[in-house]
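Next, two complexes with subunit A in common: one pairs it with subunit B, the other with subunit C.
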Partner chain A sequence: MLRPAFLRRLLAFCAAFAIWLPAHADIFVVVPATSTVKTMTQKEVVDIYMGRTRAFAGGEFALPFDLPRDHPGRAAFYQALTGMGPAQINSYWSRLMFSGQVMPPQPLPGEAAMADVVKRNPSAIGYVLQEPSDKGLHVVLVLKESK
Partner chain B sequence: MSAVGPIPGSAHPDAGRRLPWLGVRRSLHRRFVAGVALAAALFALVAGGLAYRLGAQRAEGAARQTVASLQAAVAKTAAIAVYANDTVLMHEVVDGMTRNPLVLHAEIDDLQGRPLPQAAGGKPVEADRAAAAPVTLGLVSPFDATERIGALRVDIDGDELGVIARREAWTFAALMAAQSLLVALVVALAGARLVSRPIVRLARELESMPAGSAGRLAVPDGHDDDEIGVLVRSANDLLAANAQALQRERELRLDIEAMEAQYRQIFDSTSAGIFVLDREGRLINGNPTVLKLVGREMSDMRQLRGQDFLGRVFVRPERVRALIEESARRGETMSADLELLAATGESRWAHCLVSVQDGGTHPAVEDAPGGGIIEGVLYDITERKRAESDVRRRAERDALTGTLNRAAIEEAIDRFLAQGGPEASMSLLYLDLDGFKSINDRHGHASGDRVLQQVTARIRAELRRASDVVGRIGGDEFLIVLPNDGAADTTAAHVAAAVLARTAQPIELDDGVVVQVGVSIGLASYPRHGATRRELVHAADEAMYEVKRHGKNAVASAYRPFGVRSKT
Partner chain C sequence: MFAAPLRPLLARPAIRPALAALVALAAASARPALAEETGAAAPRYNGFGTLAGFAVDPADDWGFRRETTQPGHHGDDGLRVEQDTRLGLQAQWSASPQVELVGQFVFKSRADTAPLSDNIAWAFAAWHPMADWTLRLGRTSPDLFLLADVRNVGFAYPWIRPNVEFYGWVPLSSSDGLDVTHEWTTGESRWRAKLFTGTSAITLAAKQEDDTDTHVRIKWFNGGTLTMDRGSLTLKATFAEARTAAGGAADRALGREVLGAVAGLPLPVIPEQATALLESYPSGLYITRYAALGAAWEHGPWQLQAEVARLTGNFSATKGWFGYGSAAWRTGSLTFFGMAGYARDSEAPLPETNWYPVLAPIAGPALAAGAQAVADGVTSASNNARIDQHSVSAGVRWDVGPQTALKLQLDDIHTAPYGGGLWAFNTNDAHHALVLSAGMDFVF
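Right, the complex of A and B next:
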């Protein structure tokens, strides 16, 4: 006999699967597996990456990491996250950087560095372009790449 | 006569009293310009007022638009600043806003409407500053248009807005006023050129034109078909008609003057005396001939004027008055021969015509009492009268003795009988000389004539009244008529006796010869001895004949009744 909890989880899994299936490529927002954060809304991710807040919803310090400026994944990420192109994102940051009060997320050399840094830093948040197989990473949000 | 008067308004009685208007009421053009200027000024005032309000409104609208544009320009940056909670950037934004002079105060509010820290700039908004509603722009998240994250509030500087609004309003109003004035100027110039100037010029020309002038007005260029052309042509027609009327009047006056001179000449030089009297008989006017007729100088006219003319001119003014009354009654001209009172003593006669005219036409009569005037004409008939009386005398008188002839004495008898009433009486003496024939035969006719003249003188000497007349009715026969002397009177008998005695006196002829004649007298009285002349003369003749038969040189009265003879 199946337990209701299991059934609910199964249903959720199926639903999630049904959603990401038709997409080309998805972007996976990840935190270290050790983090207390288990899931995030897109808005929470935006607020952290666009400098509105430096904390997760639960209040823990959040340290976002980014890919290099010219990395195609970065453009795809911001496009999926905010609907804005890299030029707009750069413009946004240039206004804020003018005052020097708010700084953009720190860029890392590549996806491997990203996975490695996030896995080892408990406050970190990052993104990868493939579903991580590494047990040290935990996906909190899947962003569907917009066409 | 209708002279062309001054142009109405050129001597306006109010002109002096309206000094402040500088003759505006006297000049069509000035009135027109003043009217247009007044209208333009009023319009400019109203339009300017409206334009001012409109300008103020527009200025405020424009200010709000400007502020809104400013807000829109910085909205994104402001939103990013709020989103990222970047106070420096917020301050920067707010500070940039306040640079605009219109912006009194700018701030970025949170969702509760409170200003964020460092996000307010400009002067504080005070309650006593000119109130203008703040312009607020909502700020949304740069990444989620549905999420409001704050608001950008800007307070407009009321004072600055007022300054701008006034400037705008003044500019607008000035433009409107200038336009009105420009239009007014154009209208005034056009009106002056098209209407008032031609009319003013026409008025001056017309005013300077003397009555009856041959001058005509010229139609101003370009006005042939409009009302000014009509005005000029009508005025010219009137001028022509006026001149024609004046010319006619002048000709007529000349005619009248010529006629008057002619009449005056006739009046002054005519041989007829002409006079005009008022109804009371006082002299109004007379010509020189009248004065000459009454032996006066022309200079006496003045003193005669207004005086009783009739009493001073006519011997018997009552007869003239009677003529006048008759003329007035019958409405005809009456005439009579009248004797004039002559200054020189020689009696003058005039044939006088008088007629009474109803008053009203003669200027001197309109005030005259009784109404009407009396016109009289006098012809001098003194000479005719004198000639007439000579003729009559010659016809009536016996050439030798100067007594009445037979016809005249008979007429005298007839006249008396015709006039006589029931109480009238008259006596006739029929005289026949005795012994006259023998004197004639013996001494010649001249002696006979001398005897007759002598006897006549003696008879005349015995006549006592002016009315008694003697006439020679035959060679040596005389008839004496004694009017108002009847049979009962003794006068006739006395006269007869006296004549008888005197005739018997000797008569001395030229050559010294003395002769003597007698006379036989027959007496007859009216009405006792006859009712007609024939009967009376016959009765007297019969009585005389009786004397002759019975010895002559005596007097016998006729018998009564007829046919019975008596002898004295």
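Right, the complex of A and C next:
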């Protein structure tokens, strides 16, 4: 049986380690497995999701998909991708959507729908919060979420 | 204010593609699941609006206006809400990554005889044959300034309204035609070049008690823009030319005949005045040439924006300089801003004439009175529309939510003699006014 003093030191060590280590979760930017796009830089993904380009680097049309506005994964994605919080992103697109030049990424009901739609659409790009096991999806970029 | 002699909507070229787009949107809305499978996106319906009011000090006869297409009301009428209050409804559908249909309706205060079709701000189809090329056919916003597409979207900028000296005099809010845009990247810079051509119909609101609305037809509107985005810096250059046919051609022709006759008389002073009046407006189409530069930069909490435009043409009211600069500082949900604007017609005001005492003994009372009436009419119309004004503004924007903002703004406006063309019920005297505005912008 462990002595109380040892237990206290062990608990203190674990608490300190937990505080020191930030919580990380990966966000996976995905395209269909049939896509010609195999890898992307963060800037390329930013340009698509911020409406600055409607194409992948090779010139193919890109159709970006998004999670619902109030989905926590959406906030985590844009924070990791652009450093902007949900209020800033909403304000940015609120201005841009009425320019008639570009549309915001199409929102889908949730992650399951995201995976389903992306793998069936050759132009699609989306993101999921867990490493996909579905062979119909290909990961082009991994974003680290910091909390 | 929306009551108007209705013209058959189907007669307007832009209405047909608008109707086709609505039918397509309705069909797409019925099958959203299939849309995503085919590479299309479900139709999106959004909107924007502003609820705002203002009061003017001194509350005199002069009527403050946001745009020359809007009727004004005397300043002593108290709080006014019609100038800035508006509602916009927008529908967009990507039939495929290459094809988009967009429609936007904007309901706002307009001239009493403005047709209902003026509420259609956009109705166009966009085709991307390649990702960096865009062809648009239909009704779009004329790309004349930085805020060309979001002029009515209060949520898109920090102020209650875009600077009146720079944006208020431009009556053109939509054009029916075609534009072509090409985009490319060099290093960290993204470039966008556009050429556009089209036509438009405008209804200018009456400015004085005894005036009527003026309907003009822009028969030819061509131009181009070059835009560079580098990080948070945007630079834009614009050039455009418009050829406009104004109504009352018979009256103008008769007036020119009278003035031409007076200009040929062997008299001192009067012939020179008649010649000046003749040169103040054209015999045929009104030609306007517009060139502008704009810059916008966001750096940390700062938002800076400025535009300058030079106007030239074949009639006196189209020669001038227009510009503004704005600085805004954002802290949390508050944005404090200051803005200064300037507009000045280059041509001096036409001098008042007094021909009757000299012409009556020569040509008889009736002809002298007729010539005097023509001179008075041309002089009054030109001088009353002349713009010579500058303003300084300050205010605050409070983003109370992700889609709602409250604003408060104070404008200090100085108008030089013969410079009140942006106002309704203006006189030829100098004028100074404070305009206090408050409003709420929202998007949905």
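Rule of thumb we're sticking to: the second predicted complex is superposed on the first by the 124 of 147 C-alpha atoms of A that agree within 3 Å, B and C clash if a C-alpha of one lies under 4 Å from a C-alpha of the other, contacts with A are read in each partner's own complex, and residues count from 1 in each chain.
Keep in mind that, in the parts below, contacts are C-beta pairs under 8 Å (C-beta built on N, C-alpha and C of every residue); 3 or more make two chains touch, one makes a residue touch a chain.
Bear in mind the structure is a predicted one, so any value in this text is a computation, not a measurement.
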item	value
Combined model on subunit A: subunit C and subunit B, fit or clash	clash
Subunit B versus subunit C as contact partner of A:Thr82, first or second or both or neither	first
First (subunit B), second (subunit C), both or neither touched by A:Phe61	second
Comparison of subunit B and subunit C by subunit A residues contacted	C
Subunit B versus subunit C as contact partner of A:Arg52, first or second or both or neither	both
Which superposed partner A:Tyr92 touches (first subunit B, second subunit C, both, neither)	first
Subunit B versus subunit C as contact partner of A:Arg120, first or second or both or neither	second
A:Gln101 touches, of subunit B and subunit C: first, second, both or neither?	both
Overlap of the subunit B and subunit C footprints on subunit A, listed as residue numbers	52, 95, 98-101
Footprint of subunit B on subunit A - complex, ascending	43, 46, 50-52, 82-84, 92, 95-96, 98-102
Contact footprint of subunit A on subunit C as seen in their complex	36-37, 39, 41-42, 44, 46, 48, 88, 90, 92, 94, 97-98, 100, 102, 104, 122, 124, 128, 130-132, 140-141, 149-150, 153, 155-156, 183, 190, 229, 399, 402-403, 443
Parts of subunit A lying in touch with subunit C, wherever the complex brings them together	52-55, 59-63, 86-87, 90-91, 94-95, 97-101, 103-104, 106, 108, 117, 120-124
Subunit A contact footprint on subunit B (complex, rising order)	77, 80-81, 83-89, 92, 142-144
